[in-house]
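I'd like to ask you about the structure that follows.
Chain nomenclature is as follows: A, B, C, D, E and F, assigned in order of appearance, with residue numbering initiated at 1 for each chain independently.
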Amino acid sequence: MVNQVNQPNQFNDFSMGKLTSLLALLHNSESVKEIEQELTSRGYQYTVGKVGAMDLSKVVSAIETSAKSKGIVNANSYREVHALYHAILEAIQGVGRGTVQFGDILRTVGLTFSIVRGNIDFSGYGGEWISVCVYGTIGAPKKGFEHDALGFGFNHI
Amino acid sequence: MVNQVNQPNQFNDFSMGKLTSLLALLHNSESVKEIEQELTSRGYQYTVGKVGAMDLSKVVSAIETSAKSKGIVNANSYREVHALYHAILEAIQGVGRGTVQFGDILRTVGLTFSIVRGNIDFSGYGGEWISVCVYGTIGAPKKGFEHDALGFGFNHI
Amino acid sequence: MVNQVNQPNQFNDFSMGKLTSLLALLHNSESVKEIEQELTSRGYQYTVGKVGAMDLSKVVSAIETSAKSKGIVNANSYREVHALYHAILEAIQGVGRGTVQFGDILRTVGLTFSIVRGNIDFSGYGGEWISVCVYGTIGAPKKGFEHDALGFGFNHI
Amino acid sequence: MVNQVNQPNQFNDFSMGKLTSLLALLHNSESVKEIEQELTSRGYQYTVGKVGAMDLSKVVSAIETSAKSKGIVNANSYREVHALYHAILEAIQGVGRGTVQFGDILRTVGLTFSIVRGNIDFSGYGGEWISVCVYGTIGAPKKGFEHDALGFGFNHI
Amino acid sequence: MVNQVNQPNQFNDFSMGKLTSLLALLHNSESVKEIEQELTSRGYQYTVGKVGAMDLSKVVSAIETSAKSKGIVNANSYREVHALYHAILEAIQGVGRGTVQFGDILRTVGLTFSIVRGNIDFSGYGGEWISVCVYGTIGAPKKGFEHDALGFGFNHI
Amino acid sequence: MVNQVNQPNQFNDFSMGKLTSLLALLHNSESVKEIEQELTSRGYQYTVGKVGAMDLSKVVSAIETSAKSKGIVNANSYREVHALYHAILEAIQGVGRGTVQFGDILRTVGLTFSIVRGNIDFSGYGGEWISVCVYGTIGAPKKGFEHDALGFGFNHI
């Protein structure tokens, strides 16, 4: 796309992980378009979704299902599903901070997640990687009694 | 500042946690100015710093020292230091994903951290809160053999 | 109260945390009265309750509900509920020792909990703090196949 | 001892774990004598000591060494040392709350520890058990910037 | 047994833990007979069983029940059940790697477990010990989307 | 190799993970030759090494260095080193059981480690995987005051 070549944006030298994080954080904001443009220009695959639950397994499932149904990972390749799964768990550890539990310790989450997959080629890198960012709220199941939470996972795929 | 009143930006309804996260992620980018403008217009105090180390205690110390020296927290108030300390630990848990260890398990980090403090006033909120975001790389002590890492902590102060 | 001034007791210089712990440990003992007297003379708010369950979320809920219904924390202030919640989690970590799980790993608890809130004023302290102690038994769901457990959490409020 | 038979005290039906906890919490208080009396009348072996350090291994070592030198455990029996070691680790988990680290995350402890060993004989119990309680302060290496901490471990020996 | 004296096998100097691990790993293989022979010749008690579940508590329960019903531990002795329980938890930590959760994070296990109890007599050892090995698969609830997992626990009894 | 085709052994249908575990457990035993034969016949790359240390980072480093120097992974490919690193950490979690710490909690390890890399091709599998098994002793830095420990990690590469 000619425009992309001609109009370098401030995101050109952002890492895949940074773009993934901004994709979740800026979801529904105007400036997310530039992020998406950058991802597309690099040939990265990505998706964004939402999940709210007290049940931890539903959160894992929602992110995993979204990645499969959007074709970010091949649902028939254990290899790819394994890479995704560990990236999801890592992201959830950032949300849980110390213990990977939600409803068990009486807290609920409302999360926006982003998943990005693509080639990285410099230094020791090479081949495809996948990153997952989860951003939203965690807290009591009562409106306003919750605060921001953020988690990020990264894996080779 | 008249302009701020007249020119609403896309960040006006961002939570304190989201602004804190963007402050770290967009550090050294053009668009971080709008984030800073928004923080200032809300009367929030904030700072951004960097730390690179294999020694976990140096990372904790660097963030804590920065918050004190920039006056984000009162170094003579245990109450404020206690609030900050737990927010820092939470953020580092997101970076460590599962175990709060760096050099002990042979990995090093290069991090940009942001600290924001301010009043939040809606629902059950009220009074001041503090949030810490840590963004950077984690990996082997070898150029390029590292990937993105992200953590976030939040506390009442 | 004149008597309190005239009859200094051995608990006069006990920290808030020590008094909280003794309140749970000496519950239903004669000597708990002196502890309560000391708490009252300092203007501290406190409560003691009991909960038995395999379900971890019920334990968290019972302590939280007790603190709210007894007015130790204001149920409409997220700030106060947030402080309480983290103090409860810390106390439960002492009971769980390594993993915050009860029924999931086939163990049940029978606990007495104490919650104390009050001003502390020395050194960097200042303002109110909250402490939670949980004491009781943990073990198999079979009479006698259980042993003592103890946990303690502390937070600014 | 005739007196003990004639003068039942409020501690007669306290569990070994409760007595261990009170031994640490009431150390240097008047009422600890009654606890010690009760322990002695049951034929329990016990000791109390202190340790202050940022270095976690020093804390483990101090408690272990004290138990050996006071003859609470036989230093030449791996079996007994193994039982003690796990009870110590459990107690330290209560102090650490979530992560068993002190200096690594820039915090120091000043602790009083109690170790009790003895026969328990009811229900499924039978044979000897060992319990460890650790009580003191945890916090920044700065006077007053620390708060109470408490941990407890229990094992068959 | 004359044969055993005359025909020393390669397992004669294997530790109890190594034999326990091989008992689980070589289950249903020819060479497991030599392992069993060695265990028997030492007078060790042992059993092997299987459990498949997403529910962690069912896994703990299956191993515990097997040990009791086969008489490896005395179900009426809390002391023995306590020793077994902690050995089981340790083994499961190896399977879980970082978090002791199965279904909660959307993974299921199919495990073969071995339990061995017996006297060890050298160095500081003396008296009976119990070891538990758990070997099998962990993964998504989908045929083939799982990989090997292994855990081991050891305790004095 | 004709012999291998003609003489099927009991290990023919063992998974890569099981072979990896037996490689560590049977190291220096006669029967390890059959395991090695099986690994070779499948075209798997493998190595076995030893490391003893109180310092956790030395253990991680020894395993990582061995894998690189034996060419199991390409030291210049971050992708491969990343896969190996996480497999090592998983294995060490089984050894640590609950906390990934050795000297910090006053324990030392003497370990034999095995690393196997190769193609797996069935179900969702496909492509190369790497597995690490760590077997040895953990305990006090005193001869005989230690017991068996075992850990296992697995990753796509």
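Heads up, the rule we're going with is that contacts are C-beta pairs under 8 Å (C-beta built on N, C-alpha and C of every residue); 3 or more make two chains touch, one makes a residue touch a chain.
Keep in mind that this is a model prediction, so the values were computed, not measured.
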Set of chains adjacent to subunit E and to subunit F:
A, B, C, D
For the copies subunit A and subunit C, the interface residues, called same if over half of the numbers are used by both and different if under half, are different
If chain centres are mean C-alpha positions, then the most distant from subunit F is chain C
Mind checking the centre-to-centre distance between subunit B and subunit E? Centres are C-alpha means, answer in whole Å.
46
Cα centre of subunit A to Cα centre of subunit F, whole Å, reads 32
Cα-centroid distance, subunit A relative to subunit E, in whole angstrom:
39
Note the residues in subunit E that touch 2 or more other chains, in rising order.
78, 81-82, 98-99, 101, 104, 123-125, 129, 144-145, 147
Looking at which chains touch which, would you call it a line, ring, star, complete or other?
complete
Seen from subunit C, its contact residues with subunit B in the complex are 76-79, 81-83, 86, 123-127, 129, 155-157
How about subunit D: which of its residues touch subunit A in the complex?
98-99
In the complex with subunit D, residue positions of subunit F that touch it:
99, 101, 103-107, 139-140, 144-145, 147
Within their complex, subunit C touches subunit A through residues 56-57, 60-61, 64, 78, 81-82, 85, 89, 92, 100-101, 104
Per the touch rule, the subunit D residues reaching subunit C in their complex are 10-11, 15-18, 20-22, 25-26, 29-31, 90, 93-95, 97-98, 122-125, 129, 131, 133, 135, 142-145, 147-154
